[in-house]
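Next up is a structure, given as structure tokens.
First chain written, first letter: the chains are A, B, C and D, and each begins at residue 1.
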């Protein structure tokens, strides 16, 4: 799960990472008061949405008075922020973060993440921090420095200082960076992070460090060890259907097409999206059902597709294995159609364990479906049913 | 199940079949008193065992005094009667039947049975009744008359009289035979008989009929409709191991060899006996386990084999199907060996459902067995294990 | 394509909600059998294994037009179930119930007269055309689609023949268990006629056992049959224990029934190839069909 | 004879007494897998599925000398189970557990260093050599013994490839699910090496998906490999929803990770034959092996 900037900063502060004073606000009035409470002469008002690229999209404003802070908040709150990472619909801004502005001499990029290819935690750092880090990195990959951590020995202070030196830092600033890295590493391990990205990590004229923006992702699979994060699950930010999907353990992402898709298995689901696209169709969503799904969870997923006015046809692709059975999927479809109607054409491609029982279940419940025998036919039938290419 | 003569006669009497007066006795003294109570000048004392051929074997004696009746009973009770149908061990006589003797002018054979080839009840009759009916029938099959009954119409009086005429009877005697057939047919249906054999059916000089000996078998599969027969199950006559087998729903017949055999399925069991014999071996028994058997029933069967001192090797042959699984058999074997020891070589040929689990079960329980891969090898290994041919 | 059943055979199950019926029907469905409904008195309108349940066979027949009914009911109601299926004119009725009273079967046999129903069983393990359709209690393994028809009174000897024909790479066209009860439906002859007329069947294994005259009747039929397909026969029980016989076995002897030697001789004389032992059914057929 | 497992592979199961482990182990046994024991802390000395249960992998290893361990434990204990199996020097460890925390896997990966254990998974559907041995959660159908090795990050796409290679009568030598998690055991490369050295394998289907660099690494390996066996590759996710990305995907982009187009180009350049869609893996391999 993603933490908001203000949540991540609050957490990192407890590990000793210097962050500017700041207060979250849900109304313009609160933002105004927050600036006044914080004191100082300049503040940054930042939309708290789970997406990068806020600066360019108008989600970050520098203000010189508390009134202006309130006005900046008013311009953001309730609007949908569209950044390069949000998709066309953008994300509604429910909360802003008001923070004391600080003078910045240098912007560093510092991130800790799990390096998949070697299975270890690694630090990435660049002396060229800021909003354009991705482009900068693509243009000059040699400017990205990497430090891989051996889990047996942990982060070594010498290595951390060497990385700081690579960034062109020295003296107390380099020491401060090494200290910050230690804090980040500790926070990373103790909170089951899969990413802590500080960008920029500001160096002031005085040589002091401040984490100006923090993105932090916590491993969903480890949330059970951190019940405190469950509370931070920011339902307000995601759509009602995403909340519904999450509640039913469905892996769901809305898309722009007209074919509602439910697939058992993420890889197969991706393959179906590719096949639809190749044949000129467009999925309305990505929806992956876990092997341990119940028929009620499946029903919830199908009902979401049936409730989506964009969806002109539904494609269900399932391969029964040793755990998931096709008839569980079929029962879910039947429940959903009974409750929400069977008003869009339904294409089903069932194979493997429980295939025959699945067909019996749908037949017995009077659910009208068209069967496809293979993936290609399934995609084709769904596209035709949705109105053709 | 087989009814004893006195039980069958008592039953047929209630249907109007004329039978001589008689009383069952368990001691010589009782036999003496029975003759006195019955009155008359001559009695027949008959060993009550479930086997034909009693007369030739000394199991039927005609006496002229009640004292002689007691003496005849004393000569039978407690001895083992060996007839052509009992096997070499014979059957212990636990009870005799003392009956008034009657003068016989003619001995008729009359039997009702289920004719398997057409699936109907049929009467068989011959004017040449008596102990040698089987030989007589083999010598002159045309002397056996047959009347098949259509279950929709039942026994027709005209047909019955025609059969009587075939036997050379006429007038009142023929009418009496037709009446007796009606009684037998009614008794047959109402008691789920599979055989009612009256041999001889005596015709007196006066033309009267008496059923002098009756053999009656009741369909084991229909006993549930006749709880009164359950009580007649004559445990005293069968061996302790047969009682044990019956109690555990095992189809068991003791034989003379040294290889204890347990097989799932009667047909396969017969085939195994044939294969053992062909290869020079000899089974100690026939034992068929039903598909719905429990491991406890299997264990009971194996323990019977282990307890049999004649048994030098045990051969278990099982083919798991959709109902019986090989591992149920294996669990039974393991239980038995745990309780009764694993002191004779055990050859196992398991195939089909649960084969692998069966091998695991035996292995895990530390039961020493030799596996055979096919029937021929199984038979061969068992013969070798039992000491060779 | 085998006999009696194929991939289009629509099947109902009488007694579907029972534990064994449920398990085996689920497996039959997974095997490809086209199950269309169940009959369980008092449970009509319910659903089980995703199949509609009816109170009577007649209702099930009207709603689902089955080609076959599999009977999985206790002995006490088996005869009534068979008669109900016969009266509802189900073309094929397969009764796996064991221990049906013989006089009940006399009534069932009577109900069969003049009807178009084919009855298999009772006490049948069922009928299977490998990888196409399976009705009954037989395991899926080791059935393989192939060339040999099997008809047997004994379920376990039938499995043995299946195993052997699979091992020698012949496979099975259809395997039928006619059941070992004294009074029963389809006979060896009925099955031989179908196998002889079936293109997929190149030879037939016939498995008999002691008792009755079914093998002798099959021999008489074989003698007059014009088919050139080899018939391999095995009859179990030549060394069967004589038991302590009472009247029955004796009476049987009156008819010459139940004598395995006589059965084998009759089949041999009629042109059947006698398998030397139960272990040789597959190899004997293999040779009969020109293999080594 | 396929890779990693064969008919003699002795297997223990960590978590044997769980419901899913029980069901799937029973099926594995029936399939022919040589299960020899189970590990369930606190249940040592008991027996389950006729297998002895041990408290620790070390005890099980001492008593049963397993070649492989199948791990069916909840996520919370999965890492400890894997490390325990690695420390007990089990040659092959297959973890089917889903949702193992990634930092746990960092520890497991560290435990693997210098060990002789091969780890497959977590989140693997397992490994199967058709009709010989099966460890994991994959269905038996429609696997068929044959000529194609399959290695996949996605279980369902793997099943799809199995289905397709069976349909085109190629069958599978061995099919391996390496799991779709970020940090995992055996890689595409490890499996390709084994498949290239395996006599039974005539070609390999490699199934990747968006994310990570495993496909790029496989491509680099392929480029330098001397094997002439055809490798058919399919990578899912070219049209994957971009989602609302935060830092992670962005950071991934820093490394050029996760870009399906790049993965496909790398594999194509390295000589792999790219299947046009997920529906074409079997037919593509069929053509690559000289069929039509």
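The rule is simple: contacts are C-beta pairs under 8 Å (C-beta built on N, C-alpha and C of every residue); 3 or more make two chains touch, one makes a residue touch a chain.
Here the structure is a predicted model, which means the values were calculated and not measured.
Across B-C and B-D, the chain pair carrying more C-beta contacts is B-C. As a whole-number value, the distance joining the C-alpha centres of chain A and chain D reads 27 Å. Separating the CA-averaged centres of chain A and chain C is a span of 62 Å.
Chain D has no residue in contact with two or more other chains.
The multi-chain contact residues of chain A, meaning those touching 2 or more other chains, are 353.
Shown here, the protein chains touch around one cycle, each chain meeting exactly two partners. Touching chain pairs in this entry, ordered by label, are A-C, A-D, B-C, B-D.
Those residues of chain A lying in contact with chain C across their complex are 327, 330, 353-357, 360-361, 363-365. Across the complex, chain B is touched by residues 26, 29-30, 32, 35, 47, 49-52 of chain D. Every residue of chain A that touches chain D in the complex is listed here, in rising order: 2, 50-52, 85-87, 91, 111, 113-114, 116-121, 124, 133-134, 137-138, 144, 150-152, 189, 192, 194-195, 197, 215-217, 219-222, 224-225, 253-255, 263-268, 270-278, 285-286, 290-292, 319-323, 351-353, 374-376, 379.
Listing the residues of chain C that touch chain B in their complex gives 20, 23-24, 27, 75-76, 98-107, 109-110, 125, 136-139, 141-142, 152-157, 159-160, 163, 180, 182-184, 207, 209-214, 217, 234, 236-251, 253-254, 257, 276-280.
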